Amino acid sequence: MANFKGHALPGTFFFLFGFWWSVKYPLQHSWKKRQHGTRQSLPLFFNRIDLIEGSLKIFFAFVGIMAEQFVPDGPHAHLFNGAWVKLMNWQHSTMYLFFGISGIADALSMSSLPVPAGLDRLGLSLALFVEGFLFYFHLHNRTALDQHIHSLLLVAVFGGAASTILEAFLRDNCLLEVFRSSLAILQGTWFYQIGFVLYPLNGDMWEEEDHGNIMFITMCFCWHYAVALLIVGVNYSTVWWITNRFGVKQRMDLEIGLRKTTHLDSSSQKALLQESDEE
Amino acid sequence: MANFKGHALPGTFFFLFGFWWSVKYPLQHSWKKRQHGTRQSLPLFFNRIDLIEGSLKIFFAFVGIMAEQFVPDGPHAHLFNGAWVKLMNWQHSTMYLFFGISGIADALSMSSLPVPAGLDRLGLSLALFVEGFLFYFHLHNRTALDQHIHSLLLVAVFGGAASTILEAFLRDNCLLEVFRSSLAILQGTWFYQIGFVLYPLNGDMWEEEDHGNIMFITMCFCWHYAVALLIVGVNYSTVWWITNRFGVKQRMDLEIGLRKTTHLDSSSQKALLQESDEE
Amino acid sequence: MANFKGHALPGTFFFLFGFWWSVKYPLQHSWKKRQHGTRQSLPLFFNRIDLIEGSLKIFFAFVGIMAEQFVPDGPHAHLFNGAWVKLMNWQHSTMYLFFGISGIADALSMSSLPVPAGLDRLGLSLALFVEGFLFYFHLHNRTALDQHIHSLLLVAVFGGAASTILEAFLRDNCLLEVFRSSLAILQGTWFYQIGFVLYPLNGDMWEEEDHGNIMFITMCFCWHYAVALLIVGVNYSTVWWITNRFGVKQRMDLEIGLRKTTHLDSSSQKALLQESDEE
Amino acid sequence: MANFKGHALPGTFFFLFGFWWSVKYPLQHSWKKRQHGTRQSLPLFFNRIDLIEGSLKIFFAFVGIMAEQFVPDGPHAHLFNGAWVKLMNWQHSTMYLFFGISGIADALSMSSLPVPAGLDRLGLSLALFVEGFLFYFHLHNRTALDQHIHSLLLVAVFGGAASTILEAFLRDNCLLEVFRSSLAILQGTWFYQIGFVLYPLNGDMWEEEDHGNIMFITMCFCWHYAVALLIVGVNYSTVWWITNRFGVKQRMDLEIGLRKTTHLDSSSQKALLQESDEE
């Protein structure tokens, strides 16, 4: 799908996921901070949310694969008839497949099954790595501008893969989670930028071999990241401000619901025990 | 041995080792989880298995070296007579040699000798590094497809080397062990794929310089890895399901054999003490 | 600003920051060592200093952006009029922007707001990465000497980015802080060296394609680093010598001010609690 | 000094240092294991040895610099007279300079001064990095074989630099210390190999552009490393065997000298306290 829509679609998904993460993680950390000591006892509510996130990933990946295969000019699940059929669509399907696998890993990590700790992050890191890996060999024989603008995407993709694999070992590190959110937003907006540059809406094509264009695009990538940082920063502070404001009410609720939480705590300690065993 | 068999042989070994690891490590972790607290006290049974694994590696490495040297068109231990004799076979022998060294490191780590902690993983990482290192300089002056298909192998090889050296420091990390298993399976199946592509059984040679072929092969590599992940996942869940099912019986045995385990524990604690000293 | 002054200006800033860090960090560590046990309880004085440092960074970044935009031959905030306007100045502005963001991260980390631990180091690392990233694509189509002398700068820049991101996880590691100081001094003096070589004061241009010049410049870079290490070493030992000499007097003051410190300690322990929660 | 001797000299030094390390570190670890609990209390004897090692490094570096400068065809401390004077000798002097700095860092780390923990390893890592860095830019415009044989050296050099910087953070890790020893031995024997290949004693020059030679040299590098591993392994086991044999006598001495050790322990605990403060 080498057109504007083909870039806007993944861009929208990455942006939405990045935006959502930049809300979810501050929320989790703010919750933990409020309950000193029992750091692992996130309420079931968060567990549910992560489960939904994983299911959405699986669903979107499935839809993406189907769309790439059965669009009118797609390969319709044919791979070879004398020559390779629509390899571009097959490559995109493969990328979606690994994001689907990452979704499965998320869902498994949230279940009560004894999966190894950090499996969800390994899955996401692999999905990003495969995306970058396939893009890297995509780029052969293109114009200088096309190649450069996709190379910059790879910086965001491989940066995300590296930071996510770190999270598999340094879990619950707020800094890394915020960093990943910002890279996902960057990837999202950059997909849009690629669409605008290569398939301009007003039909005014960019000079593909002009060195000035390449220099501008490099700088523009940095501006995108500055905006991504701003979005993440605003979300982070809004979440903390809101949770602080409504924290007083909550604490009173906690005292009333003390018996219930005590009960929850003991079960969560068991979970903790099991997890530290697992690690 | 530049033919189909020459690729099927190492492929089979890597696949079998990867498959075996994807069974062994879940088994070990499931066992540990069952015995909360005394994490290091794996029964002697596992020690034996690791010893056998090491010995098999040494044996296979020896057989490999002998085969490479004394096949009819091999160098028969001659290195130089005016020109270099059969350098390809010598390079393969060198790879086997380092896997043999890795086997020795495994055996030493399992013995009661005071070897540094993590020696077995360093040995395996070195063997994989040397394999990749020699392959890398192998590739000069080949066709584009041949070079590309071997480069993809290097991704699995160096990925394995990097993940294994991490294990030397983050020991008993289930995630890394499962990851290593999947990369070994990937390497195994990819050796077969190389064989099928470069020496097709039906004699229908692939177009070596076609860009479509290269794009397909890149994607195919990702599919191999998806299959490797599936195999590892199935093995992992089967092992946990079986150990859970037969866990009830086991726990009763444990209570009966309590006196014995107490005795074992104290000795294992000594081992633990020594090991933490060692680190 | 491709002239001598354009290189002397950032050189001066980097040198001053590096020099200042090589004084500040030994001072902090010497203070901590004097107060065994309560490692986190740095006096408010250090907090203030870090706040001032962050504010200075923001101020300098603002001045830098304004200067790059509104110098007589600058772009005056115009980006595009048929062709790109003064992309060089825009790129430098972008670099300053990220150092400004790093300054904001510093200020936030010093405030009592619940920012993730290590945010200041991530900000600095990103600023250095963006600097190196933009410089890297700057270098196209230049002479061999110009390209080489800027590549050497990248060694200092990316080395600094890598060491700073490590600090986000290994916080309060004196070795890394001293290492960062030395790399900042190196960057500062090397900017001057670039200025001297490319825009010689006596007007005697260097032979740009001479291999001897390139070999000398490589070696010269190492000498600069040796001098940077010397400066850091002298500052480090001076600080320790002074704090040791005046330590006796200080300890007496401490005993007199015991009641006050007890009070301070309890509040700093709260801070510690919050921080360890944060991590 | 582009002749056989010029390669044999550094080769000898690296080999001797690697050999010595492969004896020293097992000795230290064997000593620590014998004294459970008080891990930091190495006897003054080891401190002395490290001090001597540092002093030797400084001395050798000084001799090396003098030799490179004042050999008959050296630059005699002249750097520029119209053209650059003997840049090769100056580059070698620079390498020696950084090994001298590493020696100073060693000596400082062994003194009672409050230097940051891990300074000695950072110094050694920097010295190796500078060696590799200068060699890397050395290699321009040489024959394929010459370039390749020196590139292989860089694998050992940069591998050593990477493993040594890890030691700055994972201190007293026996595995890393043994690994460093083996890489130093490899570097030592490889310098000899370079000498034998480029300046053959029997005057029979190697075909410089023959691909077979390059393939053999790559493999030969792996053999050198296998030998280095053998040497390290033999030294390691010899040291443990000897210390075990004479350990019984030692333990009796310990019991007699109990009062003294108790006294030592308390002082060493203070040192430990200070060091953990430092970290």
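All chains are identified by letter, namely A, B, C and D, in their written order; residue positions are counted from 1 within each chain.
To be clear about the criterion, a contact is a pair of C-beta atoms (placed from the backbone, for glycine too) under 8 Å apart; a residue touches a chain by one contact, two chains touch by 3 or more.
Computed from a predicted structure; not experimentally measured.
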{"item": "Those chains which touch chain D and also touch chain B", "value": "none"}
{"item": "Copy pair chain C, chain D: interface residue numbering same or different (half cut)", "value": "different"}
{"item": "Chain at maximum distance from chain B, centres defined as averaged CA atoms", "value": "C"}
{"item": "Chain B and chain C, separation of their C-alpha mean positions in angstrom", "value": "44"}
{"item": "Between chain C and chain A, distance of the C-alpha-averaged centres to the nearest whole Å", "value": "31"}
{"item": "Contacts with two or more other chains, residues of chain C listed in rising order", "value": "none"}
{"item": "Touching pairs - complete list by chain label", "value": "A-B, A-C, B-D, C-D"}
{"item": "Touching residues (chain side chain B, partner chain A) in the complex", "value": "29-30, 32-33, 36, 39, 155, 170, 173-175, 178-179, 211-216, 218-219, 222-223, 225-226, 229, 237, 240"}
{"item": "Chain D to chain C touching residues, read off their complex", "value": "83-84, 87, 90-91, 94, 97-98, 101, 113-114, 116-119, 122, 130, 133-134, 137-138, 140-141, 168-169, 273-274, 277-279"}
